[in-house]
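Shared between the two complexes below is chain A, which pairs with chain B and chain C, respectively.
Right, the complex of A and B next:
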């Protein structure tokens, strides 16, 4: 299974990197979306799958990255702007991390959601106070470059998620998930590990937000911080399965293809199918697509 | 300063405060007894609003009658959701271990389905109707009939619910379940009876609130989410599962919101609400009005 995972991952990565050479705009758009959701869902899993602290507010990191990026493009080279977006998200997570991660269980879930909405409204307020209703971006790098960058972020996030799981950090986070008090008692530095995982899970979404923004060429706070982004990440990661690194990839793959088939013609039907799938997986397939894959390959 | 002391502003605050208290009451009942975080609560408000709209526009049935239809419809939905989904969730130890997080995600699925089904059926355009909108002036305060009705119904249901919890035997059972679930079972409370009744009641209250909203505001398939958030803010302030404090918190939020907006500008409304929400969760997640006794 492990070898299969690696082959599958390599095939996806190489395929993604080769697609821009074909110059096919539709295929590139598809790869861009897929890589974006893989990067987001993997980042989310670094904190939420490992510790069980479900974040329902990851759109805030995506939005901050996009905002910083739009303020900086034209001023600095676009690579620097992207890095700054990622850094800004990481710094923000570092600043709010300690107080936020003290809150547990369902309170944490709704707190992350509320925080994301708060930041969204504050940014909307700032923008309208500045008299700006949406910003256009010019001098965007070519779409090929953007696709390569996004695929790179997807690969980076997947490697990062694997590294987190298979390190001492991952062991500590798993201990926190199973029993936080016991973990603290036996000497796991609970607060520090949670903060580390939080910052790690916030960084790549910052760059992803920047790239997604460069692709559309237009920044509007209500869209950049759209809570649907947070919900989609959670849905993909949960349907994919939270126990393995392969889970978020499968979840992102499934929903991106589904969205490709339905979104343009029947967006509402897509959302309904999304809701039904989510319910069915939580109730009947708690180990997700990843668990199904295990069973199909005879390793239940 | 004059506007701040006027009865007009107080009336507005009471109308929205009582509505918030009512919406939060339903959410709080369901959380208190079943530990389910119903993120689709606002979408039930939306369903109630659409019920009232169609009954009024197509059949000229006034909202006073729609209350019952909307309540029955939402209660039915609650029963279906309980039987089809949460009985399984609560019975499965693996899933029930993290029932709050799981229920939140399940209800998110329900919310998405309800919103998009409504949008498919009735399009996303906003709709409204006119009912009891003549202005009545009393003591210098201008009120419309529909707002008075809203205040009366919302206030009445909240008070009735509190009295019921205080004096009726079933109300006692309910409080026992909210306070100590396991202990309540030991002294003979039948959870399998209490739970479906409460989920139906909680959903029905949201439906009634929806009828109230439809009398004064434009409705759309996606109108529900802000109400969900308001309800969450209210029950976080009052303390999850704390029914009486939740009603008080709803009224307080109406006051804070109305006066806060009057002092600043309408653009700050959302920031105010979310700011309050985040601040309360960070500082006192057990709620402001609760005494710090928790098991």
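Right, the complex of A and C next:
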């Protein structure tokens, strides 16, 4: 299974990196979306799958990245703007992390959602106070370059999630998920590790938000901080399965293809299908697509 | 100064004095018994020492250093680990993973991988969980989970281990084995133990010295023989 995972991941990565060479705009768009959701769902998993602190506000990191990027494009090279977006998300997570991570269970879910909405509204206010109703950006790099960057982020997030899981950090986070008091008792610095995971899971989404913005060439706060982004991330990660690094990849793959099919025929069904799939998986397939794959291949 | 020095510790829960001006000195390498009826404050005293509960007044010193106010994880890394009377396994992890986390993060931090493996294997072996190491901790029997508590505490590499009623629910044969295990750990690794136990026989056999608490107060202290002869203890404890 491990070898299969690596072959599958390599095939996806190489395929993704080769697609821009074809010049096929549709395929590139698909790869861009897929890599984006893999990067987001993997990042989310670094905090939420490992510790069980389910964030329903990851759109905030995506939005902050997009915002910083739109403010900086034209001023600095786009690579620097992306890095600044990622850094801003990381810093934001670092600042709010300690108090936010004191809250557990459903309260954490609601708090992260509420915070993301708060930031969205603050940015909307700032923008309208500045008299800006959406910003256009020019001098965007070619779409091929954006696709490469996004695939790179997807790969980076996947490797990052794998590294976290298989490290001492991952062992500590798993202990925190299982029993926080016992973890603290055997020496796990609980508050510090949770903060570390939170910052790690916020960073790449910042760059992802920046890239997504460069693709559309247009920034509008309601869109960049859209809570549907958070819902989609959670759904993909849960449907894919939280127990493996493979899970978010499968979840992103399944949903990107599904929504591709729906957008062309029945776009209004997207949210309904998202909700129904989530419910069905939570009730009947708690280990997600990843668990199904294990079973299909005769393991687990 | 003693290895572990508890000075004038009190703990108030609302109107209840769970601990009232308790002093306790534990020497390095000894097995120290803590006795007392239900609600005497034994678990609360462990929680104060391990950093889970802040004392209302008083201080705890360990190895010459004041540890009052440190977080439980810092205190663990300083070399003290406690078990929980009501077990707290990492239920969804394997038995081995439970113990490994303790070896990674406990006072043995910075060890090489090989010496961590040794710590894990020894901890599992000494409580007899080697055969169940791959199974989920949540699947162990209560007695298994009690032993896992001990294994986890040992794997932190702690110099001082506090065991809270780990023999409750064990049968006489298992208690006998446990007594041997603890005595052997003290001999081979020089671990200091503080033990709370309602199985009085076990406590008397194992302990070098015993402290008796009653309603949060120290009422007797001495060797097992002295405690056995103490009329006051007999009254409040058995009477």
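We adopt the following convention: the second predicted complex is superposed on the first by the 300 of 300 C-alpha atoms of A that agree within 3 Å, B and C clash if a C-alpha of one lies under 4 Å from a C-alpha of the other, contacts with A are read in each partner's own complex, and residues count from 1 in each chain.
By definition in this document, a residue touches a chain if its C-beta (ideal position, glycine included) is under 8 Å from a C-beta of that chain, and two chains touch if they have at least 3 such contacts.
Only a predicted model underlies this, so the values are computations on that prediction, with no experimental measurement involved.
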> Is A:182 contacted by the first partner chain B, the second partner chain C, both or neither?
Replying inline: second
> What is the contact status of A:107 with respect to chain B (first) and chain C (second): first, second, both, or neither?
Replying inline: first
> Should A:11 be classified as contacting the first partner (chain B), the second (chain C), both, or neither?
Replying inline: neither
> Does the superposition put A:121 against chain B (first), chain C (second), both, or neither?
Replying inline: first
>> Tell me which touches more residues of chain A here: chain C or chain B.
In response: B
> For A:174, is the partner it touches chain B (first), chain C (second), both, or none of the two (neither)?
Replying inline: second
> For A:190, is the partner it touches chain B (first), chain C (second), both, or none of the two (neither)?
Replying inline: second
> Along chain A, where are the residues that touch chain B in the complex?
Replying inline: 52, 54, 56, 99-100, 102-103, 105-107, 109-111, 114-115, 117-118, 121-122, 125, 128, 231, 234-235, 238, 268-269, 271-272, 274-276, 278-279, 282-283, 286
>> Help me check something: in the complex, which residues belonging to chain A touch chain C?
In response: 168, 171-172, 174-175, 177-179, 181-190
> In their shared complex, at which residues does chain B touch chain A?
Replying inline: 37, 85, 88-89, 94-95, 98, 100-102, 104-106, 108-113, 115-117, 119-120, 229, 232, 236, 240, 267-268, 270-271, 274-275, 277-278, 281-282, 285
> In the complex of these two chains, what residues of chain C are touching chain A?
Replying inline: 50, 52, 71-74, 76-77, 81-82, 84, 88-93, 97, 100-102, 104-107, 109, 152-153, 155-156
